[in-house]
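Each remark here refers to the structure printed beneath this line.
Going in written order, the chains are labelled A, B, C, D and E, and every chain counts its residues from 1.
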Amino acid sequence: MGDIIVLIISCIFVNNILLAQFLGNCPFLGTSKKLETALGMAMAVIFVLVMAGAITWIVQYFILDKFKLEYLQTIAFILVIASLVQFVEMFLKKSIPGLYAGLGIFLPLITTNCAVFGVCIINMKEGYGFLETLVSSFAYAAGFGLALILFAGVRERIILARVPKPLQDTSIGLITAGVLALAFMGFKGMV
Amino acid sequence: MNDMVKMVVVLTLLAAASGFLLSFAEQKTAPLIEMQVLNNEQWPTLQTIFKDADNLDTLVDQRFKIDLGDDENVTIFPGVYNGEPKAVAFEAKSTGFGGPLGVMVAVNLDTDEMVAIGVTVSQETPGFGSRAKDEPDLANQFKGLGLLQSFSVKADGGDIDAITGATVTSRAVCAAVTSAGETYKSIKPEILEKVKAI
Amino acid sequence: METNKKFVVSYAPHCHNGDRISKKSYNMMLAALPAVFFGILQYGVAALSVICLCVSTAMAWELLFNRIMKQPPTIGDGNAALTGLILGMLMPPVVPWWVIFTMTFVTILLGKVVYGGMGGNPFNPVVLGYAITRLSWGVFLDVDASLAPGYIFDFNMANPIVAIKSAVWTGAGADAAAAFPPQVLLLGQHCASIGTMFGLGLIVGGLYLIVRGYLRWELCLSYLAGVIVTAALFSAFGPEGKYAGAAFHVLTGFTLIAAFFFMAEDSSTPVNLIPMLIYGIGAGVLTVLIRNIGAYPDGVIYAFLLMNILNPLLDNIRPKALGKVVENE
Amino acid sequence: MKRRSFLGLVKPTLEYTTLAALSSIPLKKVPASKTATFMVPGTMEGTDLLALKVGDEVKAGQALAPIADSDDYAISTIAGKVTALEPFTDAHSNAFIAVTVEAADDQEWADSLGSDPDLAAVAANLQNGPGALCLKPVLDPETNINTILVLGMDQDLMTTAVQYAVKTRGAYLAKGIETLKKITGVSEIILVVPSDLTGNVQGCKCTIKEVGASYPSANPKLVMHNIVGKTVPAGKTLEDMGVLCLSAEAVAALGESCETGKPCVNKIVTLVAKDGEALNVQVPVGTPIQDVLDVKRIALNDGDRLILGGPMTGVATYSTSLPVLPGTDAIMVQDGAKLPEIEDASCVNCGECIKVCPAKVPVNMLVRFLENQLYVDAAEKYDLLSCVDCGFCSFVCPARIPIYQYIGLAKFELSRMAPEAE
Amino acid sequence: MAKTLTQEFTKGLWQEIPPFRLVLGLCPALGVTTTVQNGVGMGLATTFVLVCANLLVSVLRKVIPAKVRIACFIVVIATFVTLVGMLMQAFTYPLYGMLGIFIPLIVVNCIVLGRAEAFAYKNPVLPSIADGLGIGLGFTMALGALGAVREVIGTGCFTVPFGPTLTILSADWYTPFAFMVQAPGAFIGLGLMLCLMNLVPSK
């Protein structure tokens, strides 16, 4: 149990997928201009990443490893994620239209969200068991969501400030993200 | 319906072609990659920790693998001193500040004491943790200590002086050496058997 | 309807209470004086030159950026000088000039200019500038290293916050803290950065700011409460003797200057009651967490950066405006 | 004005000027002027045929309606001849036609009101009287007025005109309230006065409540919230809630008009000189401001500021030939050398405005949205419409941002957008 | 409308240079640019995938049904990414070690998928190759430049790609501003470079 808590803290704060591992920056900058979109994206990533983590784990250990096809990891994982996103989209549209209305527009973006793919690979690299994979996927996604929501809050305010013209939009977004990364370094050594 | 068939056919063909291409590439590159790993990660360390061994030039070729169960295995490099395979080296891993950290441990088969250790893979923060690889202070402390015990840095109540400003890395090295000891304990009979052949 | 006189036509209100931004800056500098003077007395002319260099370069950079961006000079509002002064207070007595140049440059550029000047910055410029410099040139900002050549005092010459860090790992933090009793810390008989040595001076200055209304007591007290409660919990429930007590944490490191001077930076702090309390307590808890279990000796800097990030979200917690219609959707 | 106090720990307050503190001020009567100007809502553009022409003779108390078929008119307070009809636009971009009348030697009154007027007659004759008694909402069948709120307190600082009316015209006030009850049929009348004037209104047959002494507690929306106990929803008016808010001076004028049978035309105005010394004057509506200033021999120079209204919400104006309007409670002049400057600074988030805002508007965020012209967001998310227009935020702002002006502009833009959206 | 091959090639080098003008591919730009060599290596690996994927997608553009095109693109891209990973492991192992997880992540790099979708699927083979090469080399240049800035300021050194490490700023008088090679420095460095690029007109 203690290990799991350490893993969660490590994935959310210390090794935050966005700010310490640089994964998922395109949607990070793209969907953080408004708090509502950031919330939607965060939920969508959590939702998909937990499922993707579980399925890629199964694919890795029951297919790739079994048949000595480890070198197909990249292609297998990306296909799993892409079809999972498609499937989730169709499923939500039919069964939970309310949730689909909220997450719908973010789902296609997730296929090219390197955080999702990256976490799946990290899980395998670290050799996590199934439970650990689930926990780490969720925690990484939560860390992504947390950083995204915090960033969106700050960014909403920056948009209103008198930022010099050449710095506006992405440029100031990156600088602010840098400060976020700096702040998250404060969690270093906590696990 | 025709569309549907076409879609399936195209995708299947693409996937099949990709599979063939990659398995071909895999076969061709696998031995190259293994040599690269050896040359880049383990060889530099082996060179330093076995610098007095007789078989320095051939020890890579003399390596052998021991099965640890669970699909894991460990590669053992035997070191020959005065014509006798007196020591073996193998790698143990742990996690440091910025990712995996590997420690090559050379151990005397007679006394179970460490001949030397060296850090192999390290992605530690430049300037801090990476000193574990570059500076011998930490590694030298292990020389001559019995491997069959657990190690920890002084801050945690052990005997090892941590590198200033890189406590996490120093701890990771201790953890790796400790786990090397456990591995060693379990596979020593097999090692002894195999080295006889040399 | 003609008149030959030209009157000023402007919008209401036609009166003002006379307050202006510069007044706050100058009052804060005034409040900082006791601590700064004491630091200069202890450390001598080297400290004076560090403080002067910090203040002057901060103003110079601000002026330079005003020029580059073709704005009217804003150094008149005193904010640049104040930023420089507080940065100077965080410095050890001896710092290479180029470290100060770079630090004030980074502070003014990344802390203020890129966000369009004072008020737009989501982060406390001082904290940001110090954090970046510390990350690169930590050794130059290290009080112990700075004191090693040339300074001899008749009191314990170790920087308490650093001394205790290594002691905590060996489980003897409380013993190490016992070497620094509160009166020693309050009266500046210990080694710390120029402006944080004299605890009493900081407290007096801070109380002045609170009384004048330039510092919200809610922020200051909740921060101190956060530090005290967390530190007390650690020392009560942690392993016996491992963690230092509350008094130590309040009086060492940057806690006091943070409580009284970082908190008075408006742009990065909340304005409503509940957010102010959460902000203060959160910063206090994080400070002690990082000190006790994190990688850094002093957690104040990171605690503030983290709470700065949270600030815009916190500010959404606010009282219901008059007649606000709550939609039932 | 009151400076920032040394003790900044507590919330800054502004106290209303009460008559108790200024009891020695006598009421000066401004003699009837030679010309008077009346503002009638409407525009002259596109109207070739004005119902009123230069040279027309008018009687005192006669309705001046320059545009035919329009409900808009003003009551002339003097008898004489129309000398000019000019377009005029006020600070809020409302269009008016300024009708200037030159006084005749013989002041003849139109026979308009009578001693027992009905609702229509009162509405017709007193809307341009002192305090601008506007009874239109009662006549409007769509609004269901069930309460009348009579404010016996000035809404701005340094102004004592309404208080003066309450203090000296208590009997007329009582009569006015009685008449109001009769002609409107509204039984619930609430009179709000400052604590030192409760003794002067004992004769009034209505609910009497006390209002606090700190600014802006006499603001109608705050009176509703704090004293009446009903909250006006953001963006709505008192009328939307069925409450008609009237100035006590207007009600007293109604009482006087019923007694005398002719419309009361004399307005009480607080005149504040450059040195801050104040005095109340009585002046017929329509009199040029210059005549009022002459009472104290106030000389204005270039760069000075002439304000119609009090220091917090008054409107600065450019000419002394403008008339005293029915709602002009104060005329204030400020020395050009002592005007507080306004700066183009951005908000520093100090929170002073949050401390003082009586409506709990998140001014610090609001001003950021207004500066970026995001008016719809400002209204939807940051409570722009909850603002009660007191100007306190601008008064305390250390960055000297013209917040009140931003808010005024935003409300104006929103009101312009609203019809477009439909 | 029709552009020459040269134009297709050069637009990626300046007008549409990622990630400065096209704000895509930020993750590798931030993650691997601690040295010039890493940046250039990452850029070249991406270029390889871009060119190959563009080529194949363009060749097959008439065969691939529109409905499953994204899936097909992904298969094609993933194949080449795996291939480049194997080749790098076999021939430039230390570089592969430094780039680590970012090599497989080329598969989700929006630039690659974006070019396949926006360009190669609609254009003949030669322009597609020119486009891929241009964008790829532009990306390489950008990563190299960012790597150079970060490395020189952050360590005082300059790693010639696949060559020696030169000391540009001598340790005698320069103390490296290590912030630049750390995570926050990546974001802030890229942000400031983006600002500089905004000051320069795109044409």
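As a convention for this text, a contact is a pair of C-beta atoms (placed from the backbone, for glycine too) under 8 Å apart; a residue touches a chain by one contact, two chains touch by 3 or more.
Keep in mind that what you see is a predicted model, and the values were worked out from it rather than measured.
Participant: What's the overlap between the neighbours of chain D and those of chain E?
Facilitator: Touching chain D as well as chain E, we find A, C.
Participant: Which pair, A-C or A-D, has more C-beta contacts?
Facilitator: A-C
Participant: Per the centroid of Cα atoms for each chain, what is the distance between chain C and chain E, given in Å?
Facilitator: Whole-Å distance between the two chain centres: 41.
Participant: Where the centres are mean C-alpha positions, what is the separation of chain A from chain E, in Å?
Facilitator: 22
Participant: How many angstrom between the C-alpha centroids of chain C and chain B?
Facilitator: One centre to the other, that is 47 Å.
Participant: Go ahead and note the Å separation of the Cα centroids belonging to chain B and chain E.
Facilitator: 32
Participant: Going by the touch rule set out above, which residues of chain E reach two or more other chains?
Facilitator: 71, 75, 78-79, 82, 86, 178, 182, 184, 188
Participant: Quick check on chain D: which residues sit in contact with 2+ other chains?
Facilitator: As it turns out, chain D has residues touching two or more other chains at 346.
Participant: List, in ascending order, every residue of chain C touching at least 2 other chains.
Facilitator: 110, 116-117, 119-120, 132, 135, 295
Participant: Just spell out which pairs of chains touch, all of them.
Facilitator: Here the touching chain pairs work out to A-B, A-C, A-D, A-E, B-C, B-E, C-D, C-E.
Participant: State the interface residues of chain A toward chain B in the complex, per the touch definition above.
Facilitator: Chain A reaches chain B through residues 65, 71-72, 75, 189.
Participant: Flag every residue of chain D that touches chain A in the complex, lowest number first.
Facilitator: Residues 346, 368-369, 371-372, 374.
Participant: So in the complex, which bits of chain E are touching chain C?
Facilitator: Chain E reaches chain C through residues 175-180, 182, 184, 188.
Participant: Applying the document's contact rule, which stretches of chain B touch chain A when the two form their complex?
Facilitator: Touching chain A from chain B are residues 18-19, 22-23, 25-26, 71, 167-168.
Participant: Under the touch definition given earlier, write down the residues of chain A that touch chain E in their complex.
Facilitator: 19-26, 29, 71-75, 78-79, 82-83, 111-114, 116-118, 121-122, 125, 165-167, 170-175, 177-179, 181-182, 185
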